[in-house]
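Have a look at these structures, which come just after this line.
Consider the two complexes below, in which chain A is the common component and chain B and chain C are the respective partners.
Right after this comes the complex of A and B.
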C-alpha cells in the first residue's frame, strides 16, 4: 500500500492509501466518490489511448508522427492561436503551455478565469486574507459556506475541517459553528446542528446581504426590521454576532457568488466586508477560502504570475507578452482566433452554446485523457497520461499550498504526459 | 412560466464522470435534467412523464424534470452540461452560469440526444 495525494478535486487529500498490481489501482482506501472515480479513469472505456485525426468527418487512429505533423500544419497556418485549459495538468505542463503560447504568438488562459481566479484579480484592489487548510483544521471555530456546496464539490472538506479536533483546540465539532448561505438547501445543509445557521438567501441577492452587514459594521443597529434578501432580522443579528465573535473564522466562497462584472462586484464587496470585520473585531480574524473545483486551477495563476507577472489571460506577440484586456471568453466571442489547443478540459460542454459553436468552427486540437464533447468536435486528439497517477508533478491546492503528486502507474503504451506532448509540439514547429 | 435557472455541479450528475464512464444514453439521462419545486411542478401542469422546454434569448432546450423539495419555488436547478449550455450566455465578457431568466413550459417533445446537440454545433 502506498500513501498518495488524490487529484479528485482541489482539496488534494494526502491521506489516500492505494494498492496496485502495476497495471491498475486495485485497492483504494480513504477516497471519496470523486477521488475513486479518478483512479477508475485509468481503465475506463472512454479512455483516449491513441492519437487521432479527423478524416472524412470521423476521428481515425494515427501515429504520433502523423498527428504532430498535422498539428504543425495547423499552427503554421495560424496567426491567432488560442490555448485553454490546464487546470487538470501539473505546473510543469502549465509552464510548457505558456512557452508554447509565446513561441506561436498565441493567447493562453486557464479555467480559473471563468471560476474563482477572478477573485484573485479583485483582491489586487482590496487585499485578501487567505488562510491554509492546516490553519482551518487546527484553529477554526466558524465556517461559512457562501454560494458553495462543499459536500458535493469538495466532498471531504467538511469531514476535515468541521468534524476534526484541531491541534490548538482540544474540542472539535462541538465548538465549531457552520453557517451556510445558499438559495438552495444543498447536501451541505445535512451537517447542520442546533447552533448552526442555515440562511436560504433569495437567489442573486448576495450583494444586498453584504451591504447590510457592511452598514452594520459602520453603524450598529442598522439592520432593517423586515430583513433582507429572505433573511430575517433575527438571523441577520446571529450571522453578524458569529462573524464578529469568531476567533478564527473562514468564509468559503464558491461559484454561486460569481456575477458578471462590472455592474455588480459581489466578491469585491465581500472582501471589503471581511476587511471591515477584521478592523472592528479584536478577538480574532476572518479569512477567505476560494473553493475551486479542478485540482490545479490555482497552479496556473501561480506559474503564470511567476513567469510573466500576470496571473492569467496572456497574449503574446513577437514572442513577447503584450497588454490585453481580453480573456478566453472575449477572444472567442469576438471570433479573434483561428485555431485552438484545449488541454484537459471540455469547453464545448461548459461554455454557452454561442461560444461552443464558434470554438468548434475553427481547427480544434485536444490534449486529454478521456473522451468529451470537445474531443468529439476536435480535428486532432492527442491522448495524455493521467496526472497524479501516471505522471508526477507540482500542483497547488485550493489554499495555494504546493503539493507534489506521485506517479504510481505507467501510462498506456504510446500515451505521453501533457508536458511531453506540449514539448513535442514545441520541438516539431522548430 | 418565468423561472430562474441556476446551473450547478452535482456529484450524481457530473459531466466529467458521464464522459469517462458513460455513453450517449447515460449522458442524456443524467445531464439533460432539471430539478424544480413540487409547487412549480403543479403550476406548470406537469405529470412525471412530461418534459419541460426552457427558452430565453440565448436559445432553447428540452429536458427531463424531477421534483425536489429543497429547490425554492421559481428556481430550476440543472447540472452544467451541453444541455444547460443551450440557455446560458455571455454578458460583459463573462459567462452567466446562474440567475438566468428562462421561460418554462411543459412539453411532450423528447429531450434531444447528445448526438443531436453535437450535430447542431457542426451544422451552425
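Right after this comes the complex of A and C.
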C-alpha cells in the first residue's frame, strides 16, 4: 500500500492508498468514484492495446512501424495540421506536442481553451489573486462556489476545503462559511448550515450581480431596494458583508460562469470585483480558484507560456510562432485544416454536431488509451499508456501547483507513453 | 423548548430543579428521567402531556431499539465528507484532520472508510450516539452533511 496522486480530476488528491498485485490495481482506499473509474481503466474492456489503421472502412491491427509510416504519409501531405487535446498527458508530452506542431507548422490547442484557460488570458489584463490548496485548508474562512457544482464534479473538493480542520482553523466546518451562487439547486447545497448563504440567481444574470457589488464597493448603500437577479436586498447585504469580513476568502469559478460570446465578459468583471474588494477590505484578502475538469489542463498553459510566451492556441508558420486570434473552435468552423492529431480526449462527443462533422470529415490521428467516439472515426489509432498509473510525469493542479505523478504498473506490451509516441512521430518525419 | 411545552410549567420544584425550564434542559442532556417529575406521572390532567413526552424521548427510552446507520450505495459517490466530518474519526485518525484518507489498516475506533469509490461503515461501537454523554449523544453530522443524502440514522 502506498499513497499516490489520483488523476481522476484536477484536484489531484495525493493521499489515495493503492495496492497492486503487479498486473492490476486491486485495492483502492480513499478515492472517490471518479478516481476509482480512472484506476479501473487499466483493465477495462475498451482499452486500446495495439496500433490500428483504417483499411477499406474497418480499423485493423498493424505494427508500430506501419502505423508511424502512415502517420508520416498523412502529415507530409498536409499543410495545415491541427493538434488538439493534451489535457490528460503529462507536461513532458505537452512540450513534445508543441515541438511537433512547430516542426509540421501546425495549430496546437488544448482543452483549456473551451474551459477556464480563458480566465488566465483575461488575467493578463486585470491581474489575478491566486491561492494554493494548502492555504485554503489551513487558513480560509469563506468559500464561495460560483457557477460550479463541486459536490458532483470534483467530489472530494468540499471534503478537503470545507470539512478539514486546518492549522489555524481547528474547529473545521464550524468556523468556515460557504456561499453557493447557482441557478439550480445542486447537490452542493446539501452541505449548508443555517448561517451559510444559498443564492438562487436567475440564469445568465451573473453580470448584473457583479455590477451591483462593484457599485457597492465604490459607494456604500447603493443596493437596489428590489434586489437584483432574484436575490433580495437582505441577501445582497449579507453576501457583501461576508466578502468584506473574510480574513482569507476564496471564490471558486466553475464552468457556469463561462459565456460563449466574447462581448459578455463575466470573468473579467469578476476579477475586477475581486481587485476592488481587496483594495477596500483591510482584514485579509479574497482570492480566486479555477475549477477545471481535466487533471492537467493548466499544465498546457504553463508549458506553452514558458516555451512560447502564449497561453494556448498556438499557430506555427515557417517553424515560428505567428500571431492569431483563432481558437480550435473557429479553426474547425472555418474548415481551416486538413488533418488533425487528437491526444487523450474525445472531441467528437464533446463538440456540437456541426463541428464534429467537419472534424470527422478530414483524416484523424488519435493517441489515446481507450476507445471513444473519436477513435472509432479515426484513420489511425495509436494506443498510449495511462499517465499517473503506467507512466510518471509532472502535472499542474487546479491551483497551479506542480505535482509529481508516480508509476505503479507497467503498461501492456506494445503500448508506449504519449511522450514516446510524439517523439517517434517527430523522428519519423525527420 | 419542545420538551418544555409538555411539562406542567408550574415550577413546583419537586424534581429538584428550581424551574421547569431547568428540568427540561437536564432532560435533554440525559441527566434525569421523565419519572422524576412526579406531578406529570401522578396527576390525571397531565396524562396527555406525559404520553407525548414519552413519545418524544422514545429514541432513548425504548431499550430494545438498536442504532443503525444505513448507507445507500447507489447514491454514494465516495466524496469522503462523512469520513472527515465524523468527530470520532477526527480524534483517532490524524490524517482526516486535513481532509486526507485515513491509514490502512484502520484504527479500531474508526467509523467510516471509503473503499473502491464507496463509503463503508466499519463498526458502530464507538459512535457518539452510543458512547458520548449529554448533547453530543444527539450527534448526526454524517447524516446532515452528506450532499447526496445517502446516509440515514435509524433505530430498528
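Operating definition for what follows: the second predicted complex is superposed on the first by the 429 of 430 C-alpha atoms of A that agree within 3 Å, B and C clash if a C-alpha of one lies under 4 Å from a C-alpha of the other, contacts with A are read in each partner's own complex, and residues count from 1 in each chain.
Going forward, a contact is a pair of C-beta atoms (placed from the backbone, for glycine too) under 8 Å apart; a residue touches a chain by one contact, two chains touch by 3 or more.
Every value quoted in this text rests on a predicted model; they were computed, and no experiment measured them.
With both structures placed on the common chain, the touch criterion links A:31 to chain C but leaves chain B unconnected. After overlaying the two complexes on the shared chain, residue contacts for A:173 are found with chain C alone; chain B is out of touch.
Applying the stated contact rule after C-alpha superposition, one finds that A:165 touches chain C and leaves chain B untouched.
When the two structures are aligned on the shared chain, A:203 is found in touch with chain B, with no touch to chain C. Once the two complexes are overlaid on the shared chain, A:155 sits against chain B and chain C alike.
If you count the residues of chain A touched by chain B and by chain C, you find the higher number for B. Legend: residue contacts after superposition of the two complexes on their common chain; A:350 is shown touching chain B, with no touch to chain C. When the two structures are aligned on the shared chain, A:188 is found in touch with chain C, with no touch to chain B. When the two complexes are overlaid on their common chain A, residue A:17 makes contact with chain C while staying clear of chain B. On chain A, the patch touched by chain B and the patch touched by chain C overlap at residues 33-34, 37, 152, 155, 187, 189. For chain B in complex with chain A, the touching residues are 4, 6, 8-11, 14-17, 19-22, 58-59, 70-72, 75, 77, 80-82, 85-86, 88-99, 114, 118, 121-122, 124.
The residues of chain C lying in touch with chain A in their complex are 77-81, 83-85, 90, 95, 97-104, 113-118, 145-149. Listing the residues of chain A that touch chain B in their complex gives 33-34, 37, 40-41, 44-47, 114, 149, 152-153, 155, 183-187, 189, 200, 203-204, 255-256, 258-263, 293, 327, 329-330, 333, 346, 348-357, 360, 370-373, 376-377. Put simply, chain A touches chain C in their complex at residues 1, 13, 15-17, 27-37, 137-138, 151-152, 155-156, 158-161, 163-166, 172-173, 187-191.
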